[in-house]
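Both complexes shown next keep chain A, but they swap its partner, so chain B is in the first and chain C is in the second.
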Partner chain A sequence: MIRQNWWKILCVVLLIYTITAGFLGAVPAKDILNETIRNLYFHVAMWFTMMVLFTVSVVYSVLYLRTGKPIHDIYALEYAKGGILFGCLGLVTGSIWARFTWGAFWSNDPKQLCAAIALLIYFAYLVLRNSMTDMDKRARIGAVYNIFAYAMLFPTIFIIPRMVDSLHPGGMGNPAMDTKDIDPRMEMIFWPGAVPGWALLGVWITTLRIRLQLLAEKKLSHA
Partner chain B sequence: MYGVLLYVASTIFVLYLAMGQPEGDVWKGLFWMIQLFVCVNAVAKSFLQEGRGRLLYFYSITGPANFILSKLLFNALLMLSMSLLSLGLFVLMLGDPMPEPVQFVLISCLGGMSLSLVFTFLAAIAARAQQSAALMAILGFPLVIPQLLLLSKISNIAFADVLQGGLGWMIAVLAALDVLIIALSLILFPFLWKD
Partner chain C sequence: MHKKVQLWFLLSLFGFIGLVGRAQDPATGKPVEMADRLRANGKIYVVVAVLLTIFAGLIAYVIRLDRKIGRLEKGGK
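And then the complex of A and B:
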């Protein structure tokens, strides 16, 4: 576990920068989008964070299968939970944005659907784990499913949404997260500020939860 | 085996009684839903019905890679025949709205096999956790939705009168997904196997 403090301070600084500059900074004036364009710093960064956490989780699952240390299983589980949290936040910030641009919180857009399905896949991971009582078996089968789910996540959120028509920015000629068409002023907040800031916050929350789990385990073994 | 056959026939018959002869879109949607449920039933059976003794016997004669490979192959063939059978029954009872029947037969074969691959691996996971039948649905349905979306996109092409682009690309994605699932099953199954 990372015990240094510098990255926590960095995380707070980056988030303060993101939030102040994100709400006050200049943004290009566009029809329909107007000020909702600032959601880039929150909504899109949530998905980046979710992917970071899921990736770390799957790395720990692989490590668990290779070494069999129970601590890796706790890491994998907590990182997956953190990813789910940020996935939910991404969905919520997205639907709030959609309310003001598309006119409804939920409009069965393919990207909304695929994001929801991706979360269902990970909820199933938690259900699967809870369905077993044997610790060792739960950890091993959970790790296997986690790797499988991660592989299936790619078609769900990266391939299929790109193949169907969608209202979401990034398709059908809408502007999107693209290195070519992002405004340079927004780029200065998004890449150095929002993405690492939220990702660090996700890792921070997860490490706290891991510490809690480890303490609970210790208490259990001493009781 | 006969149970699955009866399941296919009676579900499609119930559908016919409830829906009559639906339009192309509804027909297609119903067809893939039936495929999904047939797959859950047929494939789940193949794993969950193995007794402890039989598994032990397999364990003694072969390795995990061979075992999962043969399971995948068997289930793919099973689903292939079930797809063709249910396609035949669909045409017989719910009518035939397809302008391009040959294409759709091929697509449904591919679709049935893709579904069976995912469910074989999930059945292997679910069989290790006890309450398997309900677990199969919880694990499986979110995981197959991408495949089903892709399949219904592909089958749009067989239903459309005008030729649409992108068919080869989508079939390539589906095939790549299948290869991915087979590879993952081969890598991950040994961990489910040893106990």
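And then the complex of A and C:
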């Protein structure tokens, strides 16, 4: 198999652009937010990356249920783990940001709570898998649960945050991109730079884990 | 004469800082504290350099890991 490298180079270039332009580019002057508005390129991009990885994961879970090929289960599991990593980073970075804009690391804000619930549902996916020793059963029940976990993302991070008022920007609206707060100069860094850059990094790290997992499986079958 | 020059210098300096440091929130019209002077001093480049260095280190690590796994995959065949 020929490994394609161009997207890894693209990932590095996009992230260098994001870091450089993210700090040197002009941003709107806002009270309370001040320079922390630049966190958009890092904190919000974590959630976008999480969604990309969870989406790939659920596609492989559906594929596993349709075909029964063990490799699809490995892909689904590793993409879910990657998504959990970026979700945790999103939660922690959001918490740090909240400390200096809302006044506390955790304010039991609806968006914070829902994001935490969404991640807990994914933690349960890992626990559930490891509670079963039978490989087929583990993969099949894991795949079904993964679809449920993905479905739960929609109420927890897309619907409820739009329905209730909160401290987070975009209360009663889009939680990620409030057009009142950001301007086209920031969008030119966020959409072409930060979102694809971080998403590609997430995919890169996940593919490394998948390849390692496949090597381990091969070693087991040869031993 | 000397004092007059000093006063003029100070006034223009304050004026300059006021000009550079005045970023206003268009919604409320209130002046907002931004890192304008930090950038004027060029110090923000230090942060960018540090971050790029950390990023370069992490990416180098990931690339090495990628190569290592690649070698293992070849050796296994």
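To be clear about the criterion, the second predicted complex is superposed on the first by the 212 of 223 C-alpha atoms of A that agree within 3 Å, B and C clash if a C-alpha of one lies under 4 Å from a C-alpha of the other, contacts with A are read in each partner's own complex, and residues count from 1 in each chain.
We take it that a residue touches a chain if its C-beta (ideal position, glycine included) is under 8 Å from a C-beta of that chain, and two chains touch if they have at least 3 such contacts.
Here the structure is a predicted model, which means the values were calculated and not measured.
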item: First (chain B), second (chain C), both or neither touched by A:Lys218; value: second
item: Contacts of A:Met152 with chain B and chain C, given as first, second, both or neither; value: first
item: Touched partner set for A:Ile160, first chain B, second chain C, both or neither; value: first
item: Touching partner for A:Asp31 - first (chain B), second (chain C), both, neither; value: second
item: Chain B versus chain C as contact partner of A:Trp204, first or second or both or neither; value: second
item: Chain B and chain C footprints on chain A, overlapping residues; value: none
item: Contacting residues of chain C [partner chain A, same complex]; value: 23-28, 30, 32-35, 39, 44-45, 47-48, 51-52, 55, 59, 62-63, 65-66, 69-70, 72-73, 76
item: Residues of chain A that touch chain C when the two form their complex; value: 3, 8, 12, 15-16, 19-20, 23-24, 28-31, 34-35, 180, 204-205, 208, 211-212, 215, 218-219
item: For the chain A and chain B complex, residues of the former touching the latter; value: 65, 110, 114, 117, 120-121, 123-124, 127-128, 131-132, 137, 140-141, 143-145, 147-149, 151-152, 155-156, 159-160, 163-164
item: Complex contact set, residues of chain B against chain A; value: 121, 125, 128-131, 135, 138-139, 141-143, 145-147, 149-150, 153, 166, 169-170, 173, 177, 180-181, 184, 188, 191-192, 195
